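What follows is a set of structures for review.
Next, two complexes with subunit A in common: one pairs it with subunit B, the other with subunit C.
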Partner chain A sequence: MVAVDASGATRVTKPKADNRQARTGWMLATPALVLMVLILLVPIILAGVLSFTNYSLGNSGFGWVGLQNYERLFARSTYEKMFVATFTYVVTVVPISVGLGLGAALLVHSLGRIGDIYKTIYFLPVMATLLAMAIAWEFMLHPTIGMVNRTLEMACGTWLEVIPFFAGGCADGFPIWLGDRDYAIWVVCFIGIWQGFGFNMVLFLAGLTSVHRELYHAAEMDGARSGWERFRLVTWPALGPTTVFVVTISCIRAFQVFDTIEAFWPQGGGPNKSAYVMMFAIFEKGIQQNLIGIGSAITMLFLLFVMFLTLIQRWLVERKVHY
Partner chain B sequence: MTRDWWKHLVLILGAIIVLAPFYMMVSYSFKSPGEIDRGEGGFFGRQEMMIDPRCVALRQPGRADIEAARARFVGQDDASVQASLLAETEADCSMRPALFNYSKAFTEAPLVRYLLNGVAVTLSIFLIQSVVALPAAYALAKLNFWGRDAVFGLVLFCLLIPVHAIALPLYIGLAKLGLTNTYAALVVPWTISVFGIFLMRQFFMTVPDDLIDAARMDGMSELAIVWRVMLPTAIPALLAFAIFSVVAHWNDYFWPRIVVTGNRDLFTPPLGLREFKGDGDGSFFGPMMATATVIVTPLIVAFLLAQRRFIDGITLSGMK
Partner chain C sequence: MSDLHIASVTKLFGETSVLKGVTLDVKDGEFISLVGPSGCGKSTLLRIIAGLETPTTGTIAIGGADVTQLRAADRNLSMVFQSYALYPHLTVAENIAVPLQMRQMTALQRLPLLGGLLPSARAQAGDIAQAVSHAAQILEIAPLLDRKPGQLSGGQRQRVALGRALVRDPAAFLLDEPLSNLDAKLRVQTRTEIAELHRRLQATFIYVTHDQVEAMTMSDRIAVMMGGEILQCAPPDVIYEDPDDIRVAEFIGSPKINILPVERNGTVLTVFDQVLSAHFSADSPKLMQMGLRPEALRLTQTAPLLTGRVVHLENLGAEIFAQVALDSNGSRVTLRAIPAQRHSLGLGVQVGLSFDLNSVMLFDADGARLRKAEVAATRAAEVA
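Let's turn to the complex of A and B:
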């Protein structure tokens, strides 16, 4: 009875109610809208404009320099090192952390309840403050008193010495890791993988629980006997959307690597700038050296990469999610 | 079980590598400098009494101390009085390494202040995010108004922007407003969470319209509906978002590093640890690892207590 009354009432007063709803709608959305524009959109425009100037904080005026900042980015060897370091990191960390995440998820999933203990352990680095763990890793990798080189030294005098790496290490000392430009970026990559693969594993586990058991039975009926066949025919296609998402989010996180680099090499970005990644370059050029123009140009390139990646992801998801 | 042994082998090897730095961090936080240098003492160290060299150096007995103590050591010359005083000081200054490391962590730097700053900043960010996002999410999900699709389109576009990436222009804006080195600078850029809006909107879409109509019949204003009807139904989603937000901002280092320069009163825990590392000499590994342990522990403990909620919260972004 009440419901009938209610619908009657709304029908009579519809134009008025619509009007009121529109006003409250805008009223409720306005704070968020204003903040969105001020905090997210205006800075992008600002960075875009400043990337064509030689502005620095504290100066009253600035000059337009056209594309000079961008030209520098593609001409100077420092920035070449920046692109090399950033892409080395992304291209190494993304596939390995996604692969390990998937592998760990499949193993943990197949073990049932006992597997949960591994899930907990692998997720710990995701929760821990990365800066603190970076410092812990720095101690582990200390050339003389670090746990890593101490463990490697234990191999000296055993059959492991036939491996060239150990033979060289036992004779002339093991690598100094963070101080060696041949190792520095790979150590940073390793810590990125160490920190990120548990996150990917959890996303894959969520994807795996949604795969229907009947699909496996059906595949078995159709002659998919080996575990690999079942993975290829059922699991992998079903994980498609998850994989696309995991790869994208790993890429975006990898592009943003900063904490480890700053903790290891507060000035300089690694031996011979071998770990001079983009976020560190923005921090060093834009904030520390007050070269806002060049910092803004790096920011714009950075945004371009990240948005491009996300758009690819959305396109892929829309194209092939529907199985 | 027997067929699965190789899986356990692989997973245990992985677990050892994952846990190694945690093991080392906690272990070093218990050990004396000597044990750390020589790499001995197992996990807890031997916990032998150790003498704090700085404490002794600060309390070196001077001329006046010797004169004052003469009454206690009758018939001894100055040198032996001084020696016995020094022995007393050393006894006063000796303690177990674990106690030494943790007490240094809290006394060398205002760690409690850093932790409180961390709590204050993280909680303010979450509260403001909720106050801004919930009404907007409700409007986008349940109210019909002209321009709604445009606003939602803007939300979807903003999801593409990582806030860390636009740190430089944000920093310039805050510097122009004279806001660097304030609590506001630590909080302001995070007050808008487009992800929060998106998430809560998706959740509100599933709330039945009847519930809202009934509340309107009772004469509730739209704002009251948001807080008294929608919020209670959204507690699980909001809790997941809270975990997502708190974990991200407690652990954040990049943004505080940019806007807080030098003013220790504003340091968040990661900044405090960074400074500890910057001015520490070799003998301070123990206290530094104690600081790191103190900073990492709260979230790890919370995670171990409520694993399912945490994993749901952190992987929220996977539900897009």
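Let's turn to the complex of A and C:
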């Protein structure tokens, strides 16, 4: 009887202790939860709700418009241009800046002390304010007095005129870069790559330090003669987690491109809206034109893309690149 | 399989001289251990043999051909690393297959997707798979072939590293402290297995270790290295019983050899003023060092050469090691006793010790062995 009583007693007290521990746990998590809800979830939900309305800042009320904002996004040519510009930018900038970052990291890593100088040089654009840099680029790309076209003109009259680009440029004038709808988005891409690859390089350099040196010796003993074979056998697999991270970060940063476009074309996202990227669209619709509804709809779409990318990254990290 | 010839190899790292003229000949099929304390240059020597480091001077020849200028990949040697250095993204089978793929398949055949479509590559892959499963059978790791190194225990990883080394037919196997990351029990087991593997493959093994037990139990010959030199290279029993140098004598043997000062006054040889030999007639220095293995000392009541007090006892069951603080100068000597003598040993007990002169090793003040003096001392004792 005593034994039964005792076991009964423990059965009662144990859940109590568990409860108390659970309560303490929740209490300790509360501040973080409150903050997360307040500064992350509430704004997102608000934006989600607003994307179904025609609300404008200053209006006392708003009307529900259903999916109208989203329909516009997929129907109007302006937004088609927005998607084209955004995806052109992402698809160009991400692979090139990741590739260049990796290449620069491998080269810098193979150098000794001098590597630090290159590291600093390649990292400078990352540290610089993109807005200020964009203004400098604007001067350089000026069609007549800009450094770029002046330099290109020097090729006129030389054998370089064999190349069609120079032949055409010398005859009819070189491109006006920022004012040409065929070039504008590519210039923005170029600046994005120039500005971003140093950051990727630093991430890859950090990844490279974690590669076990004995693995290279093992690869050499196993007959991996060329640098490419060693790269494929040791370096590249070891950089897997870093690469997934770098690609994700680069994608998200590429989706967020804004300051260059705002600096070059404050009035409208490039010639013929050829550089009208999502971030700029959100800014133009939501802030400049006070169309909160459509701005929120673009924001939700933007969030969806970024969320999708993050999920892919999570999946890759868990499945593929951790050994 | 072929012999290996290392001729006066030196290695400088900046100003530091790591190897000071090492010469070593390894016969075909021999198991040779490079043993020494950490920092003695044994790993550097192994890496120079492998081709992962270039010697500052000197030459390496494998099977009569000078390979000093050849890179590691072209030397046809296999190496097992201390950290095993398995490729973490490849399965066990793929890891073992790497040396064969790298050497037997062309770059085109190795291409990830395209390679699989080439008929020649398929035939090669079949051969390689067979070689891998054969190696896996030898090492009994066949059930692990589909796992990744991250899912293996230390001992299993070690076997995979061995498998990767033996899957092709190298001129020699180089092993760099392969057991140092294993626990004690597994180490003993793997030790036996590596020795058996050597007997089975009849291949040349060069084995680097700091553990004298590994060196003593596995090798045909041991090269004891210290301070960038090989002090002595000989079979294990010779290294133990007949060392050339006091550093070799001190390094090999556990517990450590006892070293006592010996003095010569004319023809009289004394240790702590106890006459060892009265008619010693050899040309030897006045001050010498005497090496006595713990098993050379014996307990005695009558006319002991050394007296002292037991200060520490280690009972290992089959044998007892007693540390005795000598009365003459307080230095400690270690004595090996058999369990039957347990009653006469106790902490603080006064004991008398004696030894045979022919079990004594004499060294000069610098540590070089004085074999002539030993012969003379033994002979003088017999005369007396």
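FYI, the second predicted complex is superposed on the first by the 287 of 323 C-alpha atoms of A that agree within 3 Å, B and C clash if a C-alpha of one lies under 4 Å from a C-alpha of the other, contacts with A are read in each partner's own complex, and residues count from 1 in each chain.
Following the convention adopted for this analysis, a contact is a pair of C-beta atoms (placed from the backbone, for glycine too) under 8 Å apart; a residue touches a chain by one contact, two chains touch by 3 or more.
Note that this is a predicted model, so its numbers are computed, not measured.
After superposition onto subunit A, partners subunit B and subunit C are found to sit side by side with no clash. When both complexes are overlaid on chain A, the residue A:Asp18 reaches subunit B alone and has no touch with subunit C.
In the superposed model, A:Leu124 lies in contact with subunit B only, and not with subunit C.
In the superposed model, A:Val202 lies in contact with subunit B only, and not with subunit C. Look at A:Val91: by the touch rule set out above, it reaches neither subunit B nor subunit C. Shared-chain residue A:Leu67: touches no atom of subunit B or subunit C.
After overlaying the two complexes on the shared chain, residue contacts for A:Ile163 are found with neither subunit B nor subunit C. Residue contacts after overlaying the shared chain place A:Val234 against subunit C, while subunit B stays out of touching range.
Of the two partner chains, neither subunit B nor subunit C is touched by A:Leu304. Considering which of subunit B and subunit C touches more of subunit A, the answer is B. Between subunit B and subunit C, the minimal CA-CA distance in the chain A superposition rounds to 17 Å. Residue ranges on subunit A touching subunit B, taken from their complex, read 2, 6, 18, 21-29, 31-33, 35-36, 39-44, 46-47, 50, 57, 100, 104, 107-108, 110-111, 115, 118-133, 135-137, 139-140, 145, 147, 150, 194, 198-199, 202-203, 206, 242, 245-246, 249, 252, 256, 258-259, 262-263, 266, 279, 282-283, 286-287, 292, 295-296, 299, 302-303, 306-307, 310-311. Residues of subunit C touching subunit A in their complex: 47, 50-52, 71-74, 77-79, 81-83, 85-90, 98-99, 102-103, 107, 148-150, 164.
Those residues of subunit A whose C-beta lies close enough to touch subunit C in the complex are 212, 214-215, 217-225, 229, 233-234, 237-238, 240, 323.
Those residues of subunit B that touch subunit A in the shared complex are 4, 7-8, 10-11, 14-15, 17-22, 24-25, 28, 36-37, 39, 132-133, 135-136, 138-140, 143-148, 151, 154-155, 158-173, 175, 188-189, 191-192, 194, 197, 213, 217, 222-223, 226, 247, 250-251, 253-254, 257-258, 269-270, 273-274, 277-278, 285, 288-289, 292, 295-296, 299-300, 303-304, 307, 310-311, 314-315, 317-318, 320.
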